[in-house]
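Chain IDs A, B, C, D, E and F follow the sequence of writing; residue 1 opens each chain.
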Amino acid sequence: MTDLLRRTALIVWFPFFYGFRVVVSSLRVAWDILTPGSAAAPAFVEVPLNARTDLEVTAIANMISLTPGTFTMATRLDPPTLWIHGLYTAHEQDFLHEIHQMEDYLLGITRPHGAPARTDTEVPR
Amino acid sequence: MLLLLLLALLTVITVFSFVIARFAGRATGWPLAAMLALLTLLVLVRGPDLWNGGPALEASVPWMPSLGVGLNLRMDGLAWLFCVLVLGVGALVMAYSARYFPPGRRTGFYTLMSAFALAMTGLVLADDLVLLFVFWELTTICSFYLIGLSGPAAARPAVRTFLLTALGGLALLAAVVLLWVRTGTTRISVILDDPTWTQDTGFATLVAALVVVAVFTKSAQFPFHYWLPDAMAASTPVSAYLHAAAMVKAGVYLAMRFSPAFADNAFWGTTLIVFGLTTALIGALFALRRHDLKELTAYSTVSQLGFLIAVIGVGTPQALIAAAAHTLAHALFKVTLFMAVGVIDNRTGTRDLRRLGGLARTMPVTAAVTALAALSMAGVPPLLGFVSKENVFEALLHTTHQPWIGPFAAIAAVLAAALTVAYSFRFVYGTFWGAQRRDPATERPREAGALLLFAPVVTASAGLILGLSVPLLDPMIERAAADATHADAEAHLALWHGLNPALGMSALALILGALLIRVSSAGERLAERRFPPVRGTAVFERIHSVVIALGVRVGDPTRTDAPTRHLAVPFVLIIVFASVMAVVGPGHGPPAGPTSRALDWLPLVLITAAVLTAVVTRSRMAALALIGLSGFATAVWFVFLGAIDVALTQLLVEILTVVVAVLVLRRLPTEFHRARPSRAVATAAIAIPAGVAAGAGAYFLTGRREPSAVSEHLLENAVQDTGGTNVVNTVLVDYRALDTLGELTVLGVAGLIIIAVLHSAGLTAMGGTRPSASHTNPIWDADDNTVIMRTVARVLIPLLMVWSVYLLMRGHNAPGGGFIAGLVGGSAFALAYLSASSASVARIRLAYPAIIAAGILVALVCGLLGFADGSFLRPLHADIALPWGGHYHFTTALVFDVGVYLTVVGVMLTALNQLGLPKGPGPEADEQDVPESIRHESATGGTR
Amino acid sequence: MTLAITIGVLTAGAVYLILQRGMVRIVLGFVLLSHAVNLLLMSAGGVFHRGEPLLDRGVGEPLADPLPQAFVLTAIVIAFSITIYMLTLAATGKGDDTEDDS
Amino acid sequence: MTSALLPLLVAAPLVSAALSTLFTSRAVTRPLLTGTAALALLGGLVLLRTTADGRVLAHQVGLWPAGVSIPFVADTFSALMVTTTALLVLVCSFFAIATGEADRRYFAPLVLVLSAGVYGALLTGDLFNLFVFVEVMLLPSYGLMAIAGTLRGLRAGRTYVAVNLLTSTIFLAGVALVYGTAGTVHLGELAGAASESPTIAVAMGVVLLAMAIKSAVVPVHGWLVRAYTAPSPAVTALFSGLHTKVAIYAIYRLYAVTFEGQASLLWVGLVIFTATMAIGVLGAVGETTTRSILAFHMVSQIGYILLGVALFTELGLMAGIFYLVHHMVVKASLFLSTGAVEHVHGTGDLERLRGLARGEPLLALAFLGAALSLAGLPPFSGFVAKLTLVAAAFEAGHWTVAAVAIAVSLITLMSMLKIWGSVFWGRPPSPEPGVGGPGGGTATATAPAAVRIRPALVLPAVALTGVTLCVGLGAQVLLDLSAQAAAHLLDTSAYVEAVTNR
Amino acid sequence: MNPVDLALLLLGVSMVVAVHRILIGPSKADRGVGSDMVFFGFVGIVAVLGLRLDSALVVDIVLVCTLVGFLAALSLARLVSGGKR
Amino acid sequence: MTPNEVLAVVCAITGAFIFAVGAFGLLRLPDFYGRLQGISISAGLGTALLLLGLLLWFPTPENVLKIGLALLVQLATVAVGGNALARAGYLVGTPAAPNTRHDALAAADPNDPMHED
């Protein structure tokens, strides 16, 4: 019952969360575009996933792509891993955290018992 | 009746000879000779009636009655004379041939000789200009074949002869048509009495000129004389018949036939006399200088024909009498000589005077026969040739056309006659009495058999007998000349006319000839000299090759497979057309309403941007994308113009074009070919005016009238006519379903030909950009990396399918319909193809050609059902009661649309599957990269 | 007027591309040319009546002539058929070059 | 026959085409191909019989009101064309079966669709529908063009597609302008429109220009020569008989109906078509393969055929139509006889062929008959065609044109003899020494003669040459039909009335 | 001037900018980006035209556009990769 | 104009502006991978607003369905199509901007010298 409530809440909350994320990212990129100079520190970053099914991987990959500032470049299913091109990766831990946060939200919706605990937050360079 | 019978029998004989010659071999000549002799007899017995002033025989069978052209035959005295010659000589030549050839099949020879006899008889009997022309050309064709029968070496002479005589034939055709158009009839007998001849001298002269060309080419007159010796490549019987007695006489006949028309025409008379005598002279001169007996005889023929033409040119009844008599005489002695040459050749294996001599001892009969004929030719009494030649002299002396012609004619005639004497002597003496210079190989020839000698003996003796009894010929010659002049003629042929200028000329010719013989050794040496510097055949070949060179030049500009050159010309034509219209074209009314809105500039700007950039970019991909943009902008235009269905279709087509283009572009280099700046300028110089022309056409020729009647009918009646509210769709599936059926077929065929061409030619190997990331890079792996696409496609594909069915169903009433729906459905397959992780997975294992065919078949069957209501593609309607109440309006137009749908889907599948293959040709030929036909292409390449 | 200019621009670009070397540019040129002709067909129905010829939508602005629209639909599909075939031809043989190297 | 059945001439081949796509076994496709063509021939003959007395059959397809519906019309002219087309399709199909080409993938359906397109184009009375049927005819042709699979075929195929697509596009633009100016594309309603309204005349001018390019008149003739030297002989024969002829038919029909034969414009045609006769034949003389010679001849002969409409007299139109039918038959015969040689000996190069007449007398006869017919010699149909045409030109006072027509026929003969002299006559490749003797000749077997051409390959050409001979000997039949056809062009009221009434 | 025209103007300018990117590249991939942008701009224009022309029919066009736009995007990507899946 | 319609127009103009910003990014952003982000802005947020504007103008249930679907597909196109394009660009060696910090893809692939920093 709590799971159901939690998922319902997440489903309702998620668009706002994601929309906010998109708007903020858009503004950041737009600022870069519209003003001289750039704060960008681009990189291709490897992101291990907790997602397991094709649907989960696809959803997270697409959400990343739709967020201005990040783009999914490559996918591996075993183990599930994404390679992402990020514009603002100067603080890589924060960068990863934002993505994992989004993943957790998603898995919270797709899985009956919520997102699994993240064991390995360190990402190999 | 006799006339038709003659032609019918000759046709039968021709067919008969074709059949019989396969079994009888050379002996076919005997029955043919007999049959021709019988026909000669049939004609001969009609003679006395004609001589006694009986009417000409006539017969007529319609052929092209609407043109007034028929098998109109007429035998007057002139035709009778020639008819007897043609058939009689034909019979003798056939008899000769039966022994002349070595044993073996002669099917072609006998058939063609019979056909020739038919053609020649038809020619002289024709009383219809067109018919005359037909037979005239038939003799040419027969001659061509008969010469060619003599093997490869004769091929070129045959062609030369054919072309030259065909030239004359065309002149005759022009004359025929001119006369026909002018007089409104093709009846020769009527035309010759037409007042035009005297009333319109210009016209008469034009026709005369054309007839002259015909006559001169056929009768080997200068400057066309050279074909006759050239044609001696033919076998001897052919030479004897065609090139001595019959075909060359066709020209003489024609000239005689047209004499009444040109009696008062100065051009006609002068030309005939001048050129005839020139021919007589140079023919005789050349004859004197030949070593080959056959060539000598041929030139002698040329020369004698010159006499004939000249005397016809005089045009008086007396002249025509001479012509008729000399025609007969010449036929007899010339046939004899040719046959004698054949016999000599047959016995000794050579015709070269330098290798012959003293044959009189071993071949007395041949010698006697030849001597008789040669004496007749030389004009020695008491032979027929003497009488006829004297008449020719007499007539020439009385030329009336120009004052200077008489003396000229007299001198030329005497000189030519003297030369004739000389070469006649040279022929006979050199062969039969001169020093024996035979090769051992040809030593001791034996006299030919009686059967071979039969024909020449007959003709030679005829020359003697008729010479001795020449007055007997009077009525016959009289009638012939009368019919040739349409005036009374009185003939008094005799060996002795008393002392008159003609006799003097004869004597002078004989004396001069004798003198020439005395210096014959000089003649021999003369023969070695290269004279004249130009040979007729060389001139012909030169003209021939000039024409061919001109042809090569003319063909050069088009001799390229590069489309550009073939495409530029139409564009230039359009520009020219538009420019002319801009200058001389009509004015235009005012526009029927506002022609632009502010928003219109949006698609216009987009299109301009797209076009400008597409033109300048060298990147194929950029060009493709930009063309796509122009398509989208065009779709915006369609939206602006209230054409939603069109816009939808345009969009779908644009996208699918891109999809297919991508399949192709990845096989090609990344960039377009580099072009020189000059080319860009030249192209722009065509492109910009073309654009201006198109824009101007669009502006001035459209939008200036009120809505059309058909448009108003459609908008008013569509619902009640068809039950549909989307008028565009009702036009497609109801009113103009035939267009749609055609369009559907076009699309389906496109699918089929894509398969067909790839099956036979294969695809270009993959080119374009190759991936540079290596296989170990995680981005390489196709299975893992396509998971996103595949997952999304799994959702999208069903959506597309549902949407496409929805569009199909609603099409009659709202934007949609079979095509749009089919394209959406096709997109679903395209998506499946694109999102698959490998080409082999992507392959759609549906029988797509069958889907195409089924689609077309559905539409067709739907159309055929319409016959139930009276017409193909007539939609049938039914209101189906629904179980929950109400009615569903069903129309077969919907079924038609299903056919459309299937076809579209089938074609999309085809394109994806065929072009989407990783490499190589069609599925059946997967194992080989390049099909065999390509590899061996150079072997069958053909043109440059 | 605007439509006529559009047609002119499309035609000029089309002709330019068609006269270039290489099958693909020829095909692209023809795509442009077919746009031009399709617009010409629409123009032939008159550019002053622009309402969609759908009869269940009440009377708004005067309806456009449906006949040219049907013509254009047919023409688009025919052009599409030929286009994909020509593209196939461009990918057969030895590539899409249409001229010998000079 | 009832006019409602007219669309069957289109529907039946299409049904057969669909069936032969579904069932690709040769046991199905061959009978479908020949059977349909034979049926169409029968239909054409019936149509000829029905229309010979001047009747015009017309049917509004779908039974919509005239002007809204697409009309199918048949008068003598269309019936004549339908019949000849069907005959050619039948004969060429037999030839293709003999060469094995008919068993190529989709050959049968493509030919069937091609014929359906031609029938449709000949019968329709609607300009836009004409465009559609021309495309129905062209699409399969594009495929047949490239189906041989040689590189040369592909290259020529590209040119062929490009030029035809361009022409079709111009044609469509013309149709658009006609609708833009006249508000209709219905031939009956367009009757006389171009002669009355100068703007409609300009629009129709674009249509005619497109048709002129399609019929390959000078200076837009080059594509045809290139295209017709690339595909297989059967296909070339088929194309030669059908393609340009549809365009020619359209020119005749459209000029007659919409311009009502307006005399002031005819000089343009006279100039162009006379040039076409001359340039075409000169090009032919300069070529060195059988096919390229024949292809250039087509250009020349197209000039002849179109002279009829440029004269626009009773006699001229009749002669032109007679010439058209004659030419379709003869040209196909020539392409088939030389095609048989090409198929068996692998080349049409004059340099590489020699002396075939001895081994192939029947084929040689078939070729020579057709060649003489082409050059306008009696007793073949070409003679009557040339005679009447030249007479028409003289009658109309165009002496230069007539003179050129006559002169061109000599050069025609010259180039036909060029083929004859080097392919059928001439010394065999391995010449034997000195053949002497009276009436001698070579009797020994030569290398090319050693390869015999099967009767099945020879008979199609023989049949068509037989037709040209029969048409020449019994010319009155075709003359009457041509005259009837010409009469309806000279006075289009019967046609217009039929096509306008339901 | 209709305020919606401002939106159309912005979108039009965006497309011209994208065309510029297509033209200058420099890589195929850049041209691909430009092409995608052009297409999305077109979808946007159609949507805005719905407001401007007050025609609900454009909704159908928009839907079809987006559905097949997916295809276009994938196709162009395939072209960039030279056919590699 | 109804409030709905005013809102629709506002949405349209805002969307178009955002779209233009993203498009401008195509000019300003330094490399191919950066420019892809411009697409995200334009075609994601920008187009979403434009479609919302359209929906507000014609707010019928049918249109909610259609435009909702269209938006969904549009976003999928941006994401999936973008991903495909990004990958394709990388596969053929499209260079990254010089300030790119590192390339985890190349690092995962010891043999690939192409995408080293």
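The rule is short, and it goes like this: a contact is a pair of C-beta atoms (placed from the backbone, for glycine too) under 8 Å apart; a residue touches a chain by one contact, two chains touch by 3 or more.
These figures come from a predicted structure and were not determined experimentally.
Colleague: Chains in contact with chain B and with chain D: which ones?
Modeller: C
Colleague: Among the chains here, which has the CA centroid at the largest distance from chain C's centroid?
Modeller: Chain A.
Colleague: Which chain is in the middle, if each chain's centre is the mean of its C-alpha atoms?
Modeller: D
Colleague: For the chain pairs E-F and A-B, which is connected through the larger number of C-beta pairs in contact?
Modeller: Output for the comparison: E-F.
Colleague: How far is the middle of chain B from the middle of chain C, if each middle is the mean of its Cα atoms, in Å?
Modeller: For chain B versus chain C, the centre distance works out to 41 Å.
Colleague: State, to the nearest whole Å, the distance from the C-alpha centre of chain D to the C-alpha centre of chain E.
Modeller: A distance of 48 Å separates the two centres.
Colleague: Taking each chain's centre as the mean of its CA atoms, how far is chain A from chain C in angstrom?
Modeller: A distance of 45 Å separates the two centres.
Colleague: I'd like the Å distance between the centres of chain C and chain D, where a centre is the mean of that chain's Cα atoms.
Modeller: Their C-alpha centroids are separated by 30 Å.
Colleague: Return the residues of chain A touching two or more other chains; collapse runs of consecutive numbers into ranges.
Modeller: In chain A, residues 61-62, 72-74, 83 touch at least two other chains, as defined above.
Colleague: Of all residues in chain E, which are in touch with two or more distinct other chains?
Modeller: 8, 15, 28, 32, 34, 55, 57-58, 60, 63, 65, 67, 69-70, 72, 74, 76, 78, 80-82, 84
Colleague: Two or more other chains touching the same residue: where does that happen in chain B?
Modeller: 561-563, 567, 624, 640, 644, 656, 665, 667, 694, 697, 702-703, 705, 707-708, 710-711, 714, 736, 739, 742-743, 746, 749-750, 753, 757, 761, 769-771, 778-779, 785, 788-789, 792, 796, 799, 815, 934
Colleague: Can you name the residues of chain E that touch chain F in the complex?
Modeller: Listed in rising order, the residues of chain E that touch chain F are 3-4, 6-8, 10-11, 13-15, 17-18, 20-21, 27-30, 32-34, 36-37, 40-41, 43-44, 47-48, 50-51, 54, 56, 58-60, 62-63, 65-67, 69-70, 72-74, 76-78, 80-82, 84.
Colleague: Any idea which chain B residues touch chain A in the complex?
Modeller: Residues in contact with chain A: 778-779, 781, 783-785, 787-788, 790-792.
Colleague: What residues of chain A sit close enough to touch chain B in their complex?
Modeller: 54-55, 57-58, 61-62, 72-78, 81, 83
Colleague: Taking the complex as given, what residues does chain F use to touch chain E?
Modeller: 8-9, 12-13, 15-17, 19-20, 22-24, 26-27, 32, 35-36, 38-39, 42-43, 46-47, 50-51, 53-54, 57-58, 60, 63, 66-67, 69-71, 73-74, 76-78, 80-82, 84-89, 91-92, 94-95
Colleague: Hey, which residues of chain C end up touching chain D in the complex?
Modeller: Within the complex, chain C touches chain D at residues 18, 23, 26, 30, 33-34, 36-37, 40-41, 43-45, 67-68, 71, 74-75, 78, 81-82, 85-86, 89-90, 92-94, 98.
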